[in-house]
Amino acid sequence: MGARVAVAGASGYAGGELLRVLAGHPGFAIGTLTAGSSAGTRLGAHHPHLHPLADRVLEETTAETLAGHDVVFLALPHGQSGAIAATLGDDVLVVDCGADFRLDDAGEWERFYGTPHAGTWPYGLPELPGARERLRSTRRIAVPGCYPTVSLLALFPAYAAGAAEPDVVIVAASGTSGAGRSVKPHLLGSEVMGAMSAYAVGGVHRHTPEIAQQLSAVAEAPVTVSFTPTLAPMSRGILATCTAKAAPGLTATALREAYDRAYADEPFVRLLPEGEWPSTSMTLGANVAAVQVTLDERAGRIVAVAAIDNLTKGTAGGAVQSTNLALGLPEDLGLTTIGVAP
Amino acid sequence: MGARVAVAGASGYAGGELLRVLAGHPGFAIGTLTAGSSAGTRLGAHHPHLHPLADRVLEETTAETLAGHDVVFLALPHGQSGAIAATLGDDVLVVDCGADFRLDDAGEWERFYGTPHAGTWPYGLPELPGARERLRSTRRIAVPGCYPTVSLLALFPAYAAGAAEPDVVIVAASGTSGAGRSVKPHLLGSEVMGAMSAYAVGGVHRHTPEIAQQLSAVAEAPVTVSFTPTLAPMSRGILATCTAKAAPGLTATALREAYDRAYADEPFVRLLPEGEWPSTSMTLGANVAAVQVTLDERAGRIVAVAAIDNLTKGTAGGAVQSTNLALGLPEDLGLTTIGVAP
Amino acid sequence: MGARVAVAGASGYAGGELLRVLAGHPGFAIGTLTAGSSAGTRLGAHHPHLHPLADRVLEETTAETLAGHDVVFLALPHGQSGAIAATLGDDVLVVDCGADFRLDDAGEWERFYGTPHAGTWPYGLPELPGARERLRSTRRIAVPGCYPTVSLLALFPAYAAGAAEPDVVIVAASGTSGAGRSVKPHLLGSEVMGAMSAYAVGGVHRHTPEIAQQLSAVAEAPVTVSFTPTLAPMSRGILATCTAKAAPGLTATALREAYDRAYADEPFVRLLPEGEWPSTSMTLGANVAAVQVTLDERAGRIVAVAAIDNLTKGTAGGAVQSTNLALGLPEDLGLTTIGVAP
Amino acid sequence: MGARVAVAGASGYAGGELLRVLAGHPGFAIGTLTAGSSAGTRLGAHHPHLHPLADRVLEETTAETLAGHDVVFLALPHGQSGAIAATLGDDVLVVDCGADFRLDDAGEWERFYGTPHAGTWPYGLPELPGARERLRSTRRIAVPGCYPTVSLLALFPAYAAGAAEPDVVIVAASGTSGAGRSVKPHLLGSEVMGAMSAYAVGGVHRHTPEIAQQLSAVAEAPVTVSFTPTLAPMSRGILATCTAKAAPGLTATALREAYDRAYADEPFVRLLPEGEWPSTSMTLGANVAAVQVTLDERAGRIVAVAAIDNLTKGTAGGAVQSTNLALGLPEDLGLTTIGVAP
């Protein structure tokens, strides 16, 4: 029969992607779906592509509607996960796709989010050193942000190998679904088609401390991150160009070996053949990251590029991957690395 | 273990989509992959999104390389399927994604394709009246063209119910993958992004006689088709707006009932709730058609709109659906109606 | 110095395009700019591409702010033009980019717009038979809708020449700017990119009676129009595929001659060389329509295709073209037929 | 009457954009247009958007066809400009849109282009310190590359003010027209739509030494540049995110003042109001750069972002701007800063 799962926040893009992934997963039975202001409407009004689920009706997001499930996925606005999670028993696996439980440092949380820190849950990026063990025994998972997912997969092998100094510059281009379904003028199709724009420049994006925290943990030293997000004229996908100052004496061969080693057995990361560079089109709808790395000897910098689908490996697919681990299922159950292209 | 399948023409878009669908199908084992000028190269050079198959090497398309399979999918340029099919035994299921065996009428073939007619195979659109029976016992399948698939699904219920007169106007907008991977200047991204254009106007597109032939068969009378294809700035998807003169006395209720009846039990067609209209975004990567119909009483015309993914329901998914029937498998095995959106 | 012009509704897309065209026009001085809820904000907050005007502040739309101009362009929501126009003197040229004064028939207006009919002003499509004379002496201009502009330019020569019967089917694909700057979920970039969708199907779009009215006037007989608009993944442009039943005995040569005759001296319509078909990319930002026509003899239908930029020839450029006529300026002053491509 | 100008390489994207700009320029008369393999064809077959010039016939690119003009624009493949320029008299203004004469250092040229160095012409970016004087007296202009134009406009004020250390990271996203009209599979619309990809990573892009050379000249010290270009799903536009290590003690106020000072009187650069960030949609078809800068104090880096239209300010518009200077015309003659949006 499978574990019974609920999705809170099913009308948004993250919620819809969770349902797309869950509907094809043999280990889960889809239970209650909830929403905020859309409670009472048909799912098909929000996600007409989910044909078999289109007539499901969204309920309110309450302790009562979410009770009685084995797994509860939260795809709620930042700041709302803590209260609802507190109503769910310790035996329920709660998987938070929001930011609430990602940061270790309460001061950083307050600086970037402006509210009291709710706490810290195991960070759901299984590829990070030591992460799988933490995820296998947890009933609470903090799903990483989409930019941190792609940035960390691009850079952590360099830090794990001592190949990089703590000076990082990341410029990432995201599809518009990363902004969620918020109806704002600058997200209108007329505005975004045919245009690239920058936003949250200068270290103010909330994913900045999340990336720095995780890289610092791998490096076992504070890593400084200059992070600039940009908005690209596409619905899905993130391409992150990540550079770090190379450690003294680093060779191209040693760098390559570090990445080969890190990703030799990873089911959801593909280190591309040398000379090939990532495109988000390699990842659409798939739980996969495409990664490549090189050493720019003149500039003295490692340049690593990674691509993901922000909604799949960057949110819902990654969430299910960690959920599989927490439930003792095969990590790749119900997940594919094959994208839709062209 | 599953049936052993070969794909001839694996480097093109139809071939890549066949492999995407087949890789997720539990009843098939992927055998030989062949190509024309790309023989000898890695599949990953053409379809980097097919990560698990990326290191497969493409072979030549010959009788020898294709021998020893239970099913052979042909995704070859028009005119090349007949010769290779003749070398495959009658016990091999040959599924032709090209046009060679779609038309009944040799004169029409020669008029539109300019070469001798190769013959006629059972037409692989299971939703058409009587089609399933023909497909269940065949070892040769002519996969429909993408425009005919969507146009027929939009209109055949009207003709099956006697609701329409034989005067049809179809205007369809297709993503660029419908033109295949041909490297032509007008298909460059710089040219197609941000632009809609018309082509093959005035009844000269090769899918015109295919649509007319099938509608005439359903109507049991000659149906005249004015068909105009247009190129839309997207990779995948076809939206077909199809109008037919309403039969005298037709009511909106009777029209709706005709479509309800036609699609009540169809697993891969979704007649939308009244008031909702198809978008190709409901179908991306899915083996599904979204259909809606209305009666314009002032104009005296039925207007039916359908959306598909040209590569999935319009080619590879539809091909696998018919293959499932011919092999006695569940028709929906390995196929999903859930698309990738947004 | 030039005529002093005001733009009411300057924060929207039509208003922005009016300013883009007016800023390059040697005969005008840009005066007051007004808005509704955006009054008090900088123009640059809405139209950052209008760099030289970015610091202009938007005023309220009132009789007082609009007083003292030679020309007032109204780019207001439907239904708001009548009241404000009534406050402007008869000597002021009022150019309404809304629908309020386009329809002759009060019954049609009420059926499609649901409010009392405000009246009828000279229709600002100079290319129509007799239109230039009417526009040269007017102080009130009803700028045509974008779909009517492109549809009429595609089809009126056929009716002017008696080449077509009164049975018309139009399917048009529009960029999203045609929907204005309304912040609705289905217009989000995430929803529209990569997708074609249909809307207002079945003769219910408000441009339907406008097209029928003008074609009927040219044909001197009632013309029935089946019109289906679709939304394309691009910001600007309309491609209209327009078919009409051919008159008995019509030849391809006679049809071509009708179009050659209609457009031989038109500065803003380009009848393409035979064999070339319109793309909206031929028209981006230009006051031009690209037109082509053919006769589908098997289907017995004329197929005419036209492309425009919905904001330029379809709104602001067309408005300025008519304004030039009304002011006795050269019709092409400040207008270009050269688009931005690729 | 105006200066008589020829365009060599008129069938490509740079050539087409030159003609678009020149056609609206009151100081020029368009003379001979030449092409390579397209010689003998109509211009309209390549640039149907240039309606008034569509029937011009392209000639061969030879000394004879280019003789007799006051200005010759070269939009040729790299390496071809030197030979043809040598046939043009010293009194002819030769404006090379290719790379041949951009680099000072012959070693760098050979390293990146693999051919002998042709020489160095005055660099056509008037905004750089001292550039206007050099351009006012020249008969030879090397038009900058598109990535260098946008990167230099983003960063040079920081170096001119001594605000930045010589450690630069640039990640730029370009529309596909930057790759020219080369018919390569990865530039097909089906491949590029909906996708971001990286290429020429690791310091190997040919614009890297050009950026480094110019920044070093401004800084009067060697500047190291890590440059990564990416391909965005749009036809036109470059958004460059440029970071440089901040000089010790730099304050946000001092940084802002440096940019205010640099751009106070520049007609073609708009330093945005604080808090607004560039989008390529502010620049489409316009000879303008939109620039913004901030200081990321935690990361210790200046982050400057600039947007241009790669074909206009990045190529043809910039070329005409420098040409105006060299001819003693007003620098802004025939050029607009108003883009086409949305």
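Brief remarks follow.
The first chain written gets the first letter, and so on, giving A, B, C and D; residue counts start at 1 in each chain.
In this section, a contact is a pair of C-beta atoms (placed from the backbone, for glycine too) under 8 Å apart; a residue touches a chain by one contact, two chains touch by 3 or more.
Each chain and its UniProt protein: A, B, C, D = N-acetyl-gamma-glutamyl-phosphate reductase.
Note that the structure is a prediction, hence the values are computed from the model and not measured.
Using mean Cα coordinates as chain centres, the one most removed from chain C is A. Taken over every residue number at the interface, the positions common to chain B and chain C amount to over half, indicating a same-residue contact. Per-chain CA centroids place chain B at a distance of 37 Å from chain C. The mean-CA centres of chain A and chain C are about 45 angstrom from one another, to the nearest whole unit.
Contacts with at least two other chains are made by residues 13, 177, 188, 190-191, 193-194, 233-236, 279, 281, 284, 342 of chain A.
Chain D meets chain B in the complex at residues 13, 175-177, 179, 181, 183-185, 187-194, 233-235. Taken in their complex, chain D has these residues touching chain C: 13, 16, 20, 23-24, 44, 47-52, 54, 177, 193-194, 235-236, 270, 272-273, 276, 279, 281-286, 288, 290, 336-342. Across the interface of their complex, chain B is touched by residues 169, 171, 173, 188, 190-191, 193-199, 201-203, 224-226, 228, 230, 232-239, 241, 243, 277-281, 284, 292, 294-301, 303, 305, 307, 342 of chain C.
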